[in-house]
Amino acid sequence: MDIFLQNVANSITLGSLYALIAIGYTMVYGIIRLINFAHADLLMVAAYIAFYGILIFTLPWYWAFILAIVLTTLLGVSIEKVAYRPLRNSPRISVLISAIGVSFLLQNVAIVVIGARPKPFPRPEQLVWNIKVGEISFLSLTILIPIITFILLILVMFIVKRTKMGIAMRAVSRDFETSSLMSVDVNKVISTTFVIGSALAGVGGIMWSMQYPQVDPLMGLFPGIKCFIAAVMGGIGSIPGAMIGGFVLGICEIMIVAFLPGLSGYRDAFAFVILILILLFRPGGILGESTVEKV
Amino acid sequence: MLKIEDLQVYYGGIHALKGINLEVPENKIVTLVGANGAGKSTTLRAVCNIVPTASGRVFFDGENITGKSTVDITRKGITLVPEGRRIFANLTVHENLLMGAFARNDKQEIQNDIHKIFERFPRLKEREKQIAGTLSGGEQQMLAIGRAIMSRPRLLMMDEPSLGLAPLLVKEVFKIIRDINDQGMTILLIEQNATAALKIADYGYVMETGHIVLEGPGRELAEKEEVKLAYLGKS
Amino acid sequence: MLSIKRRRYVTIVALIVALSMLAVGCGGAADKGADSDKEPAADVIKIGVYEPLTGTNAAGGQMTVEGIKLANQLYPEVLGKKVELVVVDNKSEKQEAANAVERLISKEKVNVIIGSYGSSLSMAGGPVALDAKVPVIGCSPTNPAVTLDNDYYFRVCFIDPFQGTVMSNYATGTLGAKTAAIIQDVQQDYSVGLSSYFEKAFKATNGDASIVAKVNYNTGDKDFSAQLTEVKSKNPDVIFAPGNFLECGILVAKARELGITVPILGGDTWEAEEFLNQVTQYKDIYFSTHFTAEEPVTEVSTTFLDEFKKAYPDKEVNAFAALGFDTYILALDAMEKAGSADSVAIRDALAATKDFKGATGIITLDENGDATKTAVIKKVMDGKFVYEAKVDPK
Amino acid sequence: MDDRKNIKFILNIVLLLIIGIFLWWGQDNLSAFYIRILNLSAIFAILGISMNLVLGFTGMFSLGHSGFMCIGAYVAAILTMSPASKEIIYFMEPIVPVLAKVQWPILPAIIAAGIVAAIFGFLIGIPALRLRDDYLAIATLGFAEIIRIVVTNTISITNGSLGLKNIPSVKSLWVYWGIAIITIIILKKIINSNWGYAFKAIRDNEIAAEAMGVNIFSHKVLSFTIGAFFAGIAGALMAFLITSVDPTMFRFTFTFQILLIVVLGGMGSLTGSVISAVIITILMEVLRVVEQPFDLFGLLQIPGLPGMRMVIFAIGLLLVILFYRQGLMGTREFNWDYLLDKIHSFKKRGASM
């Protein structure tokens, strides 16, 4: 029983991290139908800014975190301006290649500027401590991250569902042209989307590196792909879907190792198998309606 | 109110508009009729700068608005009900109407206007919280018109509002157009259904492959032999 | 219309110009290489180094290069000629490693090569060197297959079977373990290799049922909670978890966070600041390595230690720097013994290496070209790597 | 026009002859380093054009190339390694008996590598190609990763993460460039056949293509399978060039390098891909300069910057996709007609003056 509860705790930690990052993915994808490959690298950038903020500029951790989120947001918005906006009317393949290019560039600039060697991420003691309940032990983050994820989920849902900008976002996601006929500045709406998405990436990057306290230039690669899978599982474009997808993926990954340790080497393959099955048989994801565009 | 001078548009290599001159006086219904592909939609889209103009000028209230961004143009009081309705299928009826009022900030007035629209289209009221994609064609057309009105435009441009609707609904749509006009809104209407359009229009233009070939008051135009022959399907 | 055609034309011209420049550039570089090879060959001996300076193995590669450079500063000459180091990055990628070795041999005309951290990279470079008959000295590729069937590949480190066995003996002998769990990175030859030798040795002493769990993860994973929970449920006396310091740092820290208190054992890759930083507040973490600063084996060790502290005052002494150091001085020694910088002569001298005193210990190369030498066991204590024991080869 | 045809035929022969002479000369006179780089460019050229067939000519954004390469490399390696080597190298788990005694010559092994990769391409293509654009991209990337993970875990066949070594070494320019040229010719023939027209029709407008009677799905699968076939061949060649393989070689990041080649060369141009494959492979080596530390007039020592090469390539990729989307060649091909026309018009102009 202890083992099972421990595994539940493990699942919650991993699942809520996936969920947090997946929400950012799904925001951006939902509006402009672009797999923002650079999203994964924004995690890395946020982690490094927080890292340098704390260690080099000796900022208190909360300032370092805020700074990291702000700068990551700025970077995310600039990426959209420079690399995606000029391609707004181009084939989707071009934008996708551009996204891959940006991701490639961020990683390699980080390697050149910071170096390829990983660095330990300083965990603020106020946020991270060990909790022991009977035989189960976990970090305070196991509680903190789901709470943050949930708060952000509510916040993002509120923005998208209740505010004027949110309605405009959904309108833009459907139809650029008609939106602009309604006096909606499409560029501004998309920028706002990237503000939210990148800020979420910032938070995600910081949470990720507190949980797995190590930063390196390629650290975004795996969470990036996993969280995209989570977003697809939940129904890409659906914000509660991303949350559910994140948790489901996290739980599945932990449980496959827990119950079938012999197959633990196939853990990543398993995530991809789920992805492909979902794409093929339920492209709307767990929550979404079947909205894959027809020709 | 709207004045178009020698408007030319290219689509890639295709010369779609070959110099259009057109005028829409205040408080009138002006219609632009012509066969499929004559360039009617292109004219409207060029006014809103959705397609770029190669040459020519567009004046609105005497102000040159050629080349201004779509958002700027619509904020000046021009609204287009696009062909095929183009409602936001993923938004509720209510949200669609709110989108129409996007440029406005007067919350109370917006509520009043929504109320008025529901009075005019009771069917929409019933479906207020419903996702717009689930509406029938006719309801969608009502919604598209309602959404356009929500921006309180001074000039309402409509692209084929009767397309794909049952005859009974077509009639209703034209009645609504009349009504709106009666309340003081200027309308530029595009129709393939030339009979009905010319019947309600104060003035009409006939287009053919990028040119305006005929113009005149609506009823007069409807009587002309060549118009009848070409567009009114006289057998 | 015309402008489009002209642009097309311009593009093609630009392309041809670019290509010819490239060709000339390469040719030029080659000529220069050839020139500098003919003329200064009289007074320069070139040692090539191919190491991963970027990519997943970057940290190991960089540490090794630090050691090699240090040795080069200390001993800049051999046979009365200046030694020139040519360092190239292999990006932790195989085809790059093969290119790098080929480049060193045929473009830079090096006499002997050092490298590489990461056995699979060494296996990519090895055949190239074998074809060209240029000897390579490996600093830390521990996979037995590296030197297998390759008369021109040597190494100054011990190999996985030895390392795995050493840790198994240490676990049973000193730590008194009767059961063990293994956590391995299935994508890493190093991790899989060490694990299997550990398993063999451990089963031989403690019986077939003594390995109570064997779980896998993949390079790049960050979450090991499920694997560790599985291991914890089996209550082993020790855990053997060899692998990249990148993943292992997080893994070991996580194990402690989960309340797993039994000793955790690993291999030589753990000796990196990056690993230490992750596990600094924990104890009972042991690993085998090549070198210790606390019990200098030879006088060379002392020299290395002193000089390393002088050259890199803010860095922790590590085995990879020491191994890099040894490869360099071993290369110089071989040249002196051969009395020439001829590659084949160097190879023969290397093959005959016996009781060579290096910073990491006394090195004798066996018939495969592998070093038989003392292994060192270190542990993490008070935020430092501390010398624990020495294990001699049998 | 018959004249023109003859001229073109002769020119083609001459071009091949020139290439042949260059290879013959190069084999004996170029240093092993240049030969290796040229061979590597040949492999990248095959990878580039086979990806271009899928991406540039059929308009399917597949990111699964590294997976098919992986299959090809392993098939070729296992088929050609000597039984003795296999016995030594599979020390974790012995190789499955069926494969233990196999030892094929190189060429059949290369073809087998292509065929096995093509079979996998076919099997993956049938479900995956029901998807489009980014969904297709992410699904194919997923398949490639699954292949790699399976290869890592099936130790008794692939030797797992330990990889394989002692694969027969092939150094001849003739083999690599010979296969590259054959690939180019075959793909050119395909592209100028009815299949090719169907591919391009699908790329430009699926609805229109369907209306014209093109069976969209089967042509997509066809293009994908052909792409996989040549990716497998390239993988086999990679195995023979490096003589050892392991699963980490074939991460999806490798596919991005091929994508770089295709985009820079021009999506939809075979010659573009070949040229950019050669240029990028060479630049990869030439640009090592920027990573080496160097002295500025003995005054300033600029430390080496490992990773700078990849930054340059990333910027290049972005610049091309943002400002010059057609890449080097766009959808054009190098062709004699263009050259002959030029000469012709030049002559005319000369005459009229």
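Note that the chains are named A, B, C and D in the order they appear, and that numbering of residues resets to 1 at the start of each chain.
Methods note: contacts are C-beta pairs under 8 Å (C-beta built on N, C-alpha and C of every residue); 3 or more make two chains touch, one makes a residue touch a chain.
Quick caveat: nothing in here was measured; it's all calculated off a predicted structure.
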Shared chain contacts [subunit A and subunit C, defined touch]: D
From subunit C, the most remote chain by mean C-alpha position: B
Whole-Å gap separating subunit B and subunit D, where each centre is the average of the chain's CA atoms: 53
Whole-Å gap between the CA centroids of subunit A and subunit D: 33
Computed distance of Cα centres, subunit B from subunit A, in Å: 43
Shared interface positions of subunit A, touching two or more other chains: 111, 116, 265, 268
Subunit C: positions in contact with at least two other chains: 53-54, 58, 186, 218
Multi-chain contact residues (two or more partners), subunit D: 149, 152-153, 306-307, 310
Inter-chain touch pairs (all): A-B, A-C, A-D, C-D
Subunit D contact footprint on subunit C (complex, rising order): 8, 11, 15, 18-19, 22, 25-26, 29-30, 53-54, 58, 87-89, 93-95, 98-99, 102-103, 105-107, 120, 123-124, 126-128, 131-132, 143-145, 148-149, 185-189, 191-193, 196, 218-219
Complex interface listing, subunit A residues touching subunit C: 3, 6-7, 9-10, 13-14, 111, 115-120, 130, 132, 135, 137-139, 208, 211-214, 216, 218-219, 221-223, 253-258, 261, 264-265, 267-268
Contact set on subunit A toward subunit D in their complex: 33-35, 82-83, 86-87, 90, 92-94, 96-98, 100-102, 104-105, 107-109, 111-112, 116, 225, 228-229, 232, 265-266, 268-269, 272-273, 275-276, 279-280, 283, 292-293, 295
Residues on subunit D engaged by subunit C in the complex (per definition of touch): 31-34, 36-37, 40, 85, 88-89, 91-92, 149, 152-153, 160-163, 165-166, 169, 171, 238, 241-249, 275, 279, 282-286, 288, 291-292, 304, 306-307, 310, 328, 332
Residues of subunit C that touch subunit A when the two form their complex: 53-56, 58-59, 62, 186, 213-218, 220-223, 225-227, 229-230, 232-233, 246, 249-250, 253, 257-259, 274, 277-278
